[in-house]
Amino acid sequence: MLPEMIWLIPFFPLLGSVLVGLLGRRILRNWVTLIACLAPSLSLLLSLTCSWRLLSLPPEARRLRHSLISWVASGDLSVAFGFLFDPLSAVMTLVVSGVGLLIHVYSIGYMADERDYHRFFSLLNLFLAEMLVLVLADNYLLLFLGWEGVGLCSYLLIAFWFERPAAASAGTKAFLVNRIGDAAVVVALIWMILLFGSLDFQIVLREAPRTLSHGSFVATLLSLLLFAGAAGKSAQLPLYVWLPDAMEGPTPVSALIHAATMVTAGVYLVARSAPLFELAPVSLEVVAWVGGLTALYAASIALVQTDIKRVIAYSTISQLGYMFLGLGVGAYAAGIFHLMTHAFFKALLFLAAGSVIHALAGEQDLRRMGGLRGPLKITAGSFLVGALANSGIAPFAGFWSKDEILHAVYASGHHLLWVLGALTAAGTGFYMFRLYFLAFEGTSRLSPQARDHIHEAPWSMRWPLVLLALGSAAAGFFGVPPGSGLFQRFLGPVFPMTARETGSAVHVSGTGLAMASLVLSLAGIALAFRYYLRHPERPEALAARFPALYGLLLRKYRVDELYDQLVVRPTILGARALSGLFDSRLIDGTVDGIASLLVEAGARLRRIQTGHVPAYVLSILAGVVVLLGYVLAFRL
Amino acid sequence: MTATVPLQAYLILSAALFTIGVIGVLIRRNALIIFMAIELMLNAVNLSFVAFSRFLDSMDGQVIVFFVMAVAAAEVALGLAIIIALYRNKESVNVDEINLLRG
Amino acid sequence: MPDLAFFVIMAAKIIVVFGLMLLSVTYLTWLERKLIGHMQVRYGPMRVGPHGLLQPIADGLKLMFKEDIIPEAADRKLYLMAPALALVPAFISFAVIPFGNQVRLFGRTIDLVITDINVGLLYLFGVTSLGVYGIVLGGWASNNKYALLGGLRSAAQMISYELSLGLSVVGVVMLSGSLSLVEIVNAQSTVWFVVLQPIGFLIFLICATAETNRAPFDLPEAETELVAGFHVEYSSMKFAMYFIAEYANMITVAALATTLFLGGWRGPVLPSVVWFLIKLFLFIFLFIWLRATLPRFRYDQLMRFGWKVLLPAALANIVITAGFVALR
Amino acid sequence: MEWVVFIPLAAMALATAVSVVLLRNPIYCALSLIGTFFALSGLYLLLQAQFIAMVQVIIYAGAIMVLFLFVIMLLDLGHEPSPWPRRDRPRLLLSVVLVLLLLLELTVAIRPGISKAIRGPYTSAVVDAVGNTQLVGRLLFTDFLIPFEITSIILLIAIIGAMVLARRHLG
C-alpha cells in the first residue's frame, strides 16, 4: 500500500501550488496560508511514514518503488513516472519537506505585507513539489524534470520582486549559468541512453560497471558531465557566480532554495551516481579538488563582505565545497550527512538574518547594525547556535559532519586537500563570528529609521528559528560515533563500499585530526573576537595596509568582471554583428524582396478578380472539364 | 434478389442530374435558385455514392452520403443567412448585381 | 414473390384503416365539441340526432355544398394543391403503426400493421415533417397577409418543435435498439417506456401538441390576431381537408405516443386492438382537455420554450439514457 | 421487376430537376426540387439504403427545403427575373458548350469496369440480417468517428454563423 502512495509526497505541494496559484486572488489570505502550509505538512507526514516503513525492513531490502504511469515510450526506451524511496531519498525527502515546512511557516510572518502573497506561496509549493520529484525519482529523466523544475522555481523566486532591476537580472543570471551545467546533464543523459538503453537508476548503475571498464575514458567523461551539472546547480567553481546574486530574492527563498535544498541537488546527483563515479578515479579527484578549492575560495571572499546575506551565501558555497570534497574522496555518507546538518544550520542562519532584516526594515549592511542582541534575543540566540554549528564547534551539528569529511580526506591520503579544508575551517570560524559580532554585539550603528522600526519577529517566524536551532545543535548526534553512527549505518547500503573507506579508518587516529580542525576554528573565532569586538579599528587599518588583497576579496576576485569580459561581451558583440549584417541585410532583405514581389504580382493579378460569381463558376467549370478530360484521356 | 437495374443506369442518371445542376448554376441569376441547383448537384453525387455502395457491397458510400447531408444542412443554414444579409443590403438576390469582392 | 393473398390482405388493411380513420376524424369533431361543452358547463351539439350524434354528417354535407371560393390574386395551382399536401401525410403516416397483435384469420397469420419497415420511426418523422408544406404553401398561395403570417409561423414552429420531438424519442430507440415500431412495442413487453423515459415522454407530449398545431400551440390559426391563420381564404371542401388533416394528425400522434411510450397494443384480458384504442382515446382526451384548459402561448414565448427549455431537456434526457444504457 | 420502379423514379427525378432550372417562379423551383428529392429517396430505397432514404426525406424535404421556402416567402422573391442582357450572350454560349463537354466526359467515364473493383463485406444478405440503420450507425461510431465528431462541430459553427449573419443589426 505504501509504495503506491509515494507519488503523493510531491503531489500535495503540486496541488497546493495549483490551488493557491489559480484561486489565490479570489480566496482569503488565511486560506492561502492554510493550503500552502498544509501541503508540506502532508508531504512530511507521508515521508515520515515511508521512512518508518523503511526502518522496519532489513538494511539490504530498504527500497520502496512504484511506477505511476508510463511517461516516455519510444522504441526500446521507456521511462516511467517512477518513484524510489531508499535511505538516500528518505534523508533528502525528510530534509526537504521538514525544512520546507518550517520555512513555509516562517514565510507567513516574513511575507505578511506582500502584495503577491499567493504568488509567493504558489511558487514555494511548486518548488517543493519539483524538489521532491527530484529526490524521489527512480530514473535520470524524472530527476532531470525535477532538476529543471527547481531551476525554474529558483529563477521565478529570485526574481520575485521583478520590478527591481537587480532582482530581475539576478534571476536571469541564475537561469543562464545553470543552463551551462544543465546542457552537460542533457548530454550525459543522451549518452546514457546510447550506452545502457535506459535511464533507470537501477539499470544504469548496475550496467555501468559491466559495460565500462574501471578508469575508462567514457566513464570519466560521463561522470564529469554529470558533475558539470552538479557544479552549476550547487554553485561550485567556476559556475558559482549566480548564487551570491540570488540573494536578491526574499530571504525565505534564500534559506530554502539557495541554502538548504536546491543547491544540494548537485551533491545528491553525484551521490546517487556514486557507482558511476567509482568507475572514474579521475572524476572523483576532480570532484574533490573542485570542492576543496571552492570551499577555501568562497570562505576567503566571505571574510570581507559587508552584506549580511552575502556572507551567508558565500558560506553556503564554501560548505557545499566541503560536501563535494567528501564525495570526491569516496565518503558519500559523510557528504550527505553534512548536507543534512548544513540544511539545518544554514536555513537557520538565513532565517535569523531574515529576522534581522525584517526587524530593521530591510537593512542588510553589517556596517549599519550592531548591538542587536538586546532587542532581538531569540534571533541572536538562534543565530549564535547556527554560527557555532557552521564553524564546526563541538558538539554542534556542523562539527560532526565536517570533521567526518576532513577525516575521510586525510585518511584517503589527500593531505594537501586536508590542509585546504582545515584552512577553510579557520576562515569559517572567523567570518561567521565577524558576522555575529558585527550584527549582534558591540555598539549600535543603526540608522535612525531602523532604530525606530526595530522589533522582534512574530511567532510564525520565531518558532522555525527555535526548532531549527534545536536541530542545528542536535542533528550531529545522528553521526556519533564518527564513521559508524546511526546515520552512516542507515545510508551505508546505498553506496558502494570503497577500498579507501574500509581500509582507512584503521590506521589514522580521528581524534587528533578533529582536535586540529577544532583548534583552527576556535582560532578563527578568537581572531574575529579580537578584531571586531576588542579593536574595531584594526580591520580597516589592515585593509588600508593591503589594499590590493582587500580590494580583490571585496570585489570577489573580480570573477564577475572576468566572465563579463570573456563570455558576456563577446556573445553580445557577436549577436549584434549577426543581427546587424546577417539578419537585417540578408534575411530581412530576402523576406522583403519576396513580399514586394508578391505585392507586385497581386497588383497585376487583381484585375482577374471581378467579384462576379457567375464568371468564377464558369472558370471553375472550365477547369473541371479540362482536368477531367486530361484524366480520361491519359490516365485511364 | 439480384439487382436487375445495372450500376451504369444509376450513374448515367447521376451524371444527368449533375449536369442539370451545373446548367442551373450557370444560367440562373437568382442566388436562391443557384443555391438549389447546387443542392441538386450534391444529390446527384449522393446517388452515385449510394449506388456504388450497393454494387460494391460496402457501407462507406452511405456513411459519406450521411456526412454530405449534414454538411449540406450546415451549408444551407449559412448560405440562406448570407442571402438574407445580402438582400438587406442590396434589396436584390441577383448575382449579376453583386460584386462587392471586385479586386 | 408475394402471392395474391398478400395483396388482398394488404388492400383490406389499408381500406379498413383508412375508413376507420375518416370515420374517427368525423366523430372526433363531435367528441371535441361535446367534451369542451361539458367542461364549460354546457351541452354542445344536441339538435341533430340523439345528443347531436348526427352533427358531423350534417357539417360534412354543409361543407360539401358550400361555395368554393378561389381568391382573385391567389396562385391557383398551389392554392388547389396545398390542402391535398396537408392531407396526404396525415393519412399515410399511420401505415407503420402497429394497432394490434398478430391475429389468425382464414388460416393465415396477419400482422395488425399495414407495413412493418425497419426504419418505421424515421419514416414517420419524414412524413410528418411534410405536413408543414400544406400549411405554408396554403398560406402563401392565398396571397393574404394573415394567411402568409400564419403559414410562416407554422413553418417556424413545426421546424423548431420537430427537433425536440425527434430527440425526445431517441431515448426510446436506445432502449429498444430498433427503429421499427413493431420492435419497439415488443421491447415494452415487461415495462412501458413511459416508466423508463418520463422526461422523454413529457417532451414528446408537448412537442406533439405543438406539431399538430393544437392549443396551447395553435398560433398559426390564432383567431384573435390572424383571423384564422393560414386557411383564412379557404372554404368548402378544401377547408374541410385542412380540418380533416388536423384531426388525422392528432390521431396519428396519439397512436405514436401510445406505441412509443404506453406499450402500444399491449394489455391484459382485452383484445389487443381494444387496448390500443383505449390508450389512443386517452391521449385524444388529453389533447382536448388541454385545449379547454390552457391559454395560447405568445409567439416569442413559444420559440423560447422550444429552443431554451425543450431542446436542452431532450438532450439531457439522451445523455442520461445513454449513460444508463452504457452502464447496463 | 426493378425497372418498373426505376424508370418512373428516374423520369421523375430528371423532369423535376429540369423544372428546377427552367421554372421562373422560385416557389415552383423549390417544389420541383422537393420532387427530385423524393424521387432520389425512392431510388435509395430501391438500392436498399433505407436509412439514407428516410434521412433524405427528413433532412432535405423536411428541413432544408422548408428553409428555402421560408426565405423565398420572407424576401418576397416571387417575381419574374429579367431576361439575359445581350452583352452576356457569349457567356451563355460558352456555358452551354462547357456543360455539354462535361456531360460527354461524365458519360465516357462510366465504364463497365465494376467487376474488377474490390468488394466490401456488406452483401445484401448481411445488410438484411443486421439492418441497414444498424450498419450505418456502427460505421459512424467506429471507422468514421472523427469525421462524425467534426461534422457535429461544423453544424455548431453553422448554427452560430447563421445566427450572427441573419441577425438584424440594431443601431
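All chains are identified by letter, namely A, B, C and D, in their written order; residue positions are counted from 1 within each chain.
Simple rule for what comes next: a residue touches a chain if its C-beta (ideal position, glycine included) is under 8 Å from a C-beta of that chain, and two chains touch if they have at least 3 such contacts.
The shown structure was predicted, so the numbers you read here are calculated from the model rather than taken from an experiment.
Least step count on the touch graph, subunit A to subunit C: 2. With centres taken as mean Cα positions, subunit D sits 29 Å from subunit C.
One finds 68 Å separating the Cα centroids of subunit A and subunit B. Rounded to whole angstrom units, the spacing between the C-alpha centres of subunit B and subunit C is 33.
In subunit B, the positions touching at least two other chains are 22, 26, 29, 96. Shown for subunit A are the residues that touch two or more other chains, namely 614, 618, 621. Subunit D has residues 51, 55, 63, 67, 74, 95, 99, 102, 106, 132 in contact with two or more other chains.
Arrangement of the chains shown, judged by which pairs touch: an irregular graph that fits none of the line, ring, star or complete shapes.
Pairwise chain contacts present here: A-B, A-D, B-D, C-D [touch as defined]. Taken together, the subunit D residues at the contact with subunit B in this complex read 1-3, 6, 10, 13-14, 17-18, 20-21, 26, 29-30, 33, 36-37, 40, 43-44, 46-49, 51-52, 55-56, 59-60, 63-64, 67-68, 71-72, 74-75, 77, 81, 88, 92, 95, 99, 102-103, 106-107, 110, 112, 114, 117-124, 126, 132, 135-136, 139-140, 143-144, 147-148, 151, 154-155, 157-159, 161-163, 165-166, 168.
Residues of subunit B that touch subunit A in their complex: 22, 25-26, 29, 95-96, 98-103.
For subunit B in complex with subunit D, the residues that touch the partner chain are 1, 3-5, 7-13, 15-24, 26-30, 32-33, 35-37, 39-40, 43, 46-47, 50-51, 53-60, 62-63, 65-67, 69-78, 80-85, 87-88, 93-94, 96.
Taken together, the subunit A residues at the contact with subunit D in this complex read 614-615, 618, 621-622, 624-625, 628-629, 632, 636. By the touch criterion given at the top, residues 605-614, 617-618, 621 of subunit A touch subunit B in their complex.
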